[in-house]
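This is the structure I have questions about; it appears just below.
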Amino acid sequence: MQSGLKKKLLVAAVSLGFAMAAPVAGMAADTIKLGVAGAQSGDLASYGLPTVKAAELVVAMYNAKGGINGKMIELLIEDDVCKPEVATNTATKLVTDGVHVVLGHICSGATKAALPIYKEAGVVVMSPSATNPDLTQSGDYPNFFRTIASDDAQAQTEVDFAINVIGAKKIAVIHDKGDYGKGLAEFAKKFIQESGKAEVVLFEGVTPGAVDYTAIVQKIKRKGADAVIFGGYHPEASKIVSMMKKKRLKITFISDDGVKDDTFIKVAGKNAEGVYASGPNDNSANPLSTAAIDAHKKEYNEDPGAFFENAYSAALALLNAIEKAGSTDMADIVKALQTETVATPVGNIHFDTRGDAVGVGFAMYVVKDGAYVEVK
Amino acid sequence: MSDSPIILKVEGLSKYFGGIKAIDNVDIDIRQGEIVALIGPNGAGKTTFFNCLTGIYTPTAGDIYLSDPRNGKTTRLNGKKPNKITEIGMARTFQNIRLFPTMSVLENVMIGRHCRTKALIFGAVFRNKATRIEETQIIERSYELLKKIGLHRQVNEEARNLSYGAQRRLEIGRALATDPFLLLLDEPAAGMNPKETEALVALIREICAEGHSILLIEHDMKLVMSLSDRIFVMDYGKKIAQGTPEEVRENPAVIKAYLGEDVDA
Amino acid sequence: MFPVKELKRSALTSLWFAFLTFPIMVVKVDPIERVVSWRWDNMFFIAFGSFVFSILAKVFIIQKERRASKKKQKTISEPLVQRIVREPRFLYPLALACFIFGISFPFLFSTYQTNIMTTALMYVVLGLGLNIVVGVAGLLDLGYVAFYAVGAYSYALLNYNFDMGFWTVLPIGGLLAALLGIILGFPVLRLRGDYLAIVTLGFGEIIRLVLENWNDFSQGPSGIANIPRPSFFGMDMTFAGGITYIYYIILVLVVLTIFVVNRLQNSRLGRAWLALREDEIACEAMGIDKTKTKLIAFSLGAFWAGFVGVIFAAKTTFVNPASFTFLESAIILSIVVLGGMGSIIGVVIGALILILLPEYLRALSEYRMLAFGAILVVMMVFKPGGIISNVRRNYKFKGLSVVEGKNNE
Amino acid sequence: MDYFIELLFAGLTRGSIYALIALGYTMVYGIIGLINFAHGEIYMIGAFTSFIVATVLSIYGFPLLAIVIIAAVAAAVWSSAYGFTVEKLAYRPLRKAPRLAPLISAIGMSIFLQNYVLLAQTSDFLPFPELIPEFAFMEPVAHIVGSSDMVILVTTAIVMIALTCLIKFTKIGKAMRATAQDKTMAVLVGVNVDRVISATFIIGSALAAIGGLLIASHIGQINFYIGFLAGIKAFTAAVLGGIGSIPGAVLGSLVLGLTESFATGYISSDYEDVFAFSLLVLILIFKPSGLLGKTETKKV
């Protein structure tokens, strides 16, 4: 009963919000609205910001050509800090603002939380980086597509490599207890057991940010593992490899896309030598890829960041589908995505019925002389 | 008086803190309707003794029995929690006043009614009839008590704004609100001026006349001598004397303990 | 007006800050390329900024002292807000206006705004729940988010495994959280204040870690998706309709919570909590069962968190352990302290500020958390009692007929 | 048996790391009864300062020994300066405020400092230069206890002994003990309480900075967020040992480190933190003031 003054303040806050939202919402209806959602602040911002830049580049390119079917493309950029609860707000905001297609979100958890909102609004979403298999395999999200291979595909690549190329018999599977790392590690464990050619001697998570990983390294040693498959990101990976070096444990270390990042080599230094990591196929021979990177360097004066090529490709694929479909209807766009092949920095791709891109794959890389090179 | 029933019986009570014997093998008994004083030089262990009785400290050895004269039930208090002991019927005040400083005078006394009332979440939220009646009774009873201790004019004042003497009286009122049959007063006259002390003596007499028994710690010998039926004297944790005021006044051990002090002061 | 001595001190302060921030603000190294960049301009900004700021702070303090000394003679006049809150003739129309505004909100504003407001109102309820524990009963709980998580996962799991609906789980979630509060509270509530703080913090972490690691139970870090929104007599709703619906549910819950918390505070139990906060030993001596009274406060707080947890799961339609970190507990605690411990209106205002402000400060996104931290510190230093401190109803006594009046502070 | 010894040393190293941070918590708590949540951030700033100084010096080609010494001194100086400033700005004005106010102020300060470093430096992880070389004489046992483990163990031992001496025998140490026992009495006997509190923050921060340098060098990387988890763990350790007690902080840290290490080694690292916090809860239930904390006699 004493709710008192709260609303006075609220009015002020809300009108402030309106003032800020107005310029975006007030645009003419005859533009095509491309939403970009992902972490743009906070500790995961470095994974989300390159996507914004990719979208800006692609949209600038299209608009320079006169837009799509005479309509200009407008960007709606929203931050979700990679948090599910914020992502629903972000998605609601985009839907309220009348978005037609969305490039995002960046993290799988946030994507899962946001997708039902887009689904009900009939908005197609394409993520450059959300790799959780459920997103496409559960069949719950007919409006979801992605230009990155899913975790299980990646885990399969890693396991095949560990067993067939390295010849590992006893594998320790370690993860960082996170959404991405643990999901991947579980697939790796499953595939190893199914192969019957090697055994999982250890399956455990480490606490990210812990001050020391000696105990887990000693345990890996104790279990007699001849290879480690690690699911997670580069900070933990570099701590583990340097701790392995310190404890004189010389076994193969195989990891994932979260580690196939130049920062890993920078941080782990000479300990990174010989580490294997899976990552998207090498596109350096693809002229589209070089063109995109050059455009980025020209516009922003720096090298592009994580998932830039995937995001660039996703933006191209989305706009291409709208152009080919001649409509912004979900059904039409979905059909165009599945049927029309588009040339992108990650290759000539189209999408299967589940939403995974056909033509995007994983390759294994190894750190050699301070750089990742593809293992042929 | 000697024929009225014993309500508090303490046998061989000891409390050690590490190697220090704060209380060493003390026996005490109090009969219904008595005013009994516990005296002794500073550091004799009087307050520690109170803390043992009221369950704040657990005694190292000895037994404490409390008998309710209203129904004759006897309870051993050792190891009982302070709130249980208050519920049985023994309430106390504190030497260094422990009121609830930012609560009003009335609320302070109302807290004392807590253990005699029942309403919990349901009553609080729905304010059913029983709860409303109970609340009214709490307030009325508290107001009566405030009148008795002469604080009803400051009923809405915050406790911390009261004068020192008034705070001491409020502590007595709050303790009375728990419906005790035995009241423990820890230096009730400390810091009071002569006029206030006089009023206090009258108040204690009145309380006693209503059927409450009283055990008090006090340094004001005039007050002790005029008020008490019996006196126990402690020194260095031991009971060194007991008896009527006259007997204690002439006891050589007591005079020795208070060496140099003016016993009559 | 402004003494030269103070100017000198401000100059020293600015020198000190220039020194203090030197390595972090001025030097930036690239260990790979082995380049050092010296950002001397930052040092200038810091020195200048701290000089100006310290003068402003001095002026503020001098004025505050002057005002304080003036007020010494008169009783300190209350801030406007508190006066309004205390006077029924202002309060009731205002409350009514707020309520009408609250009801018409979804019609006045967009779905997005409604969604944001729903989030803010959820924190209002969380704040009020924690307020019972921290503000009223004085128990420092740093793991409040654990109960929130219990509520959210109750709905997610009961729905996923047994297909139970929102309305069935809503009370269950609350009760489970309260039960957990009792189980946890029983052994730890006898700990002294700060020990209680760290144990509750540890407990909050344990709950999150279990949810993260126990895949078979909670599906681990990848979380549970596709949690249904609440149903409305079995009708399917549009997306916007669903959001509006949840908004009304939480609005009703806010009103209900304010009602209940208000009544609790003005009851036998509420008095005991207040007394417990002021002096535990005296409370026990007055016959109050310390453990039981604390346990009730603790589990009631937990109950509310469980409640909101269920709504959280229904609103987000997705839960994973990442939503229930220590930072979340810290934010809820900040709402309570910033608003003014024990004050219902304070907590409501605190929640709206702390949740809405960052949402509308998106433009400053990078500096958002920096500002958040700074605001907490500045707020505490200049107004440690919170925005609205101590608006508490006391019992006033008028003759023999007892009327509930308002506080005299 | 080998495995046991390996885990033992892993636990001791981890425990020593906690101890260097926990000492700061326990000293501050002992004196002003405040959980200084920003202490983890002071540790992070110490690590960052030593990172910046060490990297700059190595770019200018200084020899390793000089780098280590200068970096350690710089880290200690600046961390102390931050500790001193934080106390003066965020805690001192609140000494008479309600009990929770300084705690919220501390949480705010912690968030502020984290984001300050994030904005002024970077959110990326950075490689920390290897300041502790691999000693040749350690090679035979390197698989059990490496050079950096050894340095951490020895440093912690030295620090603890030095700190105990400081508190037992020096004037400032006596003033600290007096202030911890009774602030009002300390003032009456002529102790400058403000100065003692400042000194406590300075010493605690300097220890955290040394810890920051050693730990960052041990794990080889650094970012703005490292203070959070380390801070919480160290605080847990301080409470475990009996907050306010210096030997207690060290003992609590070692117990915590060993628990985590053995839990990882013999059970599973999935639940290492659960074991750590459960241990805390258990110990506090049976010994409410921690392992070496003084059981308080209620003053009535």
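Letters are used for the chains, namely A, B, C and D, taken in the order the chains are written, and counting of residues starts over at 1 for each.
What we mean here is this: a contact is a pair of C-beta atoms (placed from the backbone, for glycine too) under 8 Å apart; a residue touches a chain by one contact, two chains touch by 3 or more.
Being a predicted model, the structure only gives us computed values, none of them experimental.
Novice: Considering only mean CA positions as chain centres, point out the chain farthest from chain A.
Specialist: Of all chains, B has its centre farthest from that of chain A.
Novice: Tell me which has more C-beta contacts between its two chains, A-D or C-D.
Specialist: More C-beta contacts join the chains of C-D.
Novice: Using Cα averages as centroids, what's the distance between chain A and chain D in whole Å?
Specialist: For chain A versus chain D, the centre distance works out to 37 Å.
Novice: Averaging only over C-alpha atoms, locate the centres of chain C and chain D and give their separation in whole Å.
Specialist: Taking the mean C-alpha position of each chain, the two centres sit 29 Å apart.
Novice: Report, in whole Å, the distance between the mean C-alpha point of chain A and the mean C-alpha point of chain C.
Specialist: Taking the mean C-alpha position of each chain, the two centres sit 33 Å apart.
Novice: Could you please state the distance in Å, as a whole number, between where the Cα atoms of chain B are centred and where those of chain D are centred?
Specialist: Chain B and chain D have C-alpha centres separated by 48 Å.
Novice: Can you list the chain B residues in contact with two or more other chains?
Specialist: In chain B, the residues touching two or more other chains are 56, 94, 98.
Novice: In chain A, what residues contact two or more other chains?
Specialist: 177, 205, 266
Novice: Residues of chain C touching 2+ other chains?
Specialist: 31-32, 213, 281, 366, 369
Novice: Looking at the complex, which residues from chain A come into contact with chain D?
Specialist: Going by the criterion above, the answer is residues 43, 45-46, 177, 204-207, 209-216, 218-219, 221-222, 234-235, 238-239, 242-243, 246-249, 263, 266-269, 271.
Novice: Give the list of chain C residues in touch with chain A in this complex.
Specialist: Those in contact with chain A are residues 31-32, 81, 84-85, 91-92, 94-95, 97-99, 101-102, 109-113, 115-117, 119, 124, 212-213, 215, 220-223, 225-226, 238-239, 243, 254-255, 258-259, 262, 312, 315-320, 322-323, 344-345, 348-349, 352-353, 356-357, 359-360, 362-363, 365-366, 368-369.
Novice: Going by the contact rule set out above, which residues of chain C touch chain D in the complex?
Specialist: 16, 19-25, 27-29, 31-32, 34-36, 42, 134, 140, 187-188, 190-195, 197-199, 201-203, 205-206, 209-210, 213, 281, 326, 330, 333-334, 337-338, 341, 366-367, 369-370, 372-377, 379-381, 384-385
Novice: Going by the contact rule set out above, which residues of chain D touch chain A in the complex?
Specialist: On the chain D side, the touching residues are 3, 6-7, 9-11, 13-14, 17-18, 118, 123-127, 142-143, 146, 148-149, 215, 218-221, 223, 225-226, 228-230, 233, 260-261, 264-265, 268-270, 272-273.
Novice: Going by the contact rule set out above, which residues of chain C touch chain B in the complex?
Specialist: Going by the criterion above, the answer is residues 260, 263-264, 267-272, 274-275, 278-279, 281-290, 296, 300, 390, 394-397, 400, 402, 405, 408-409.
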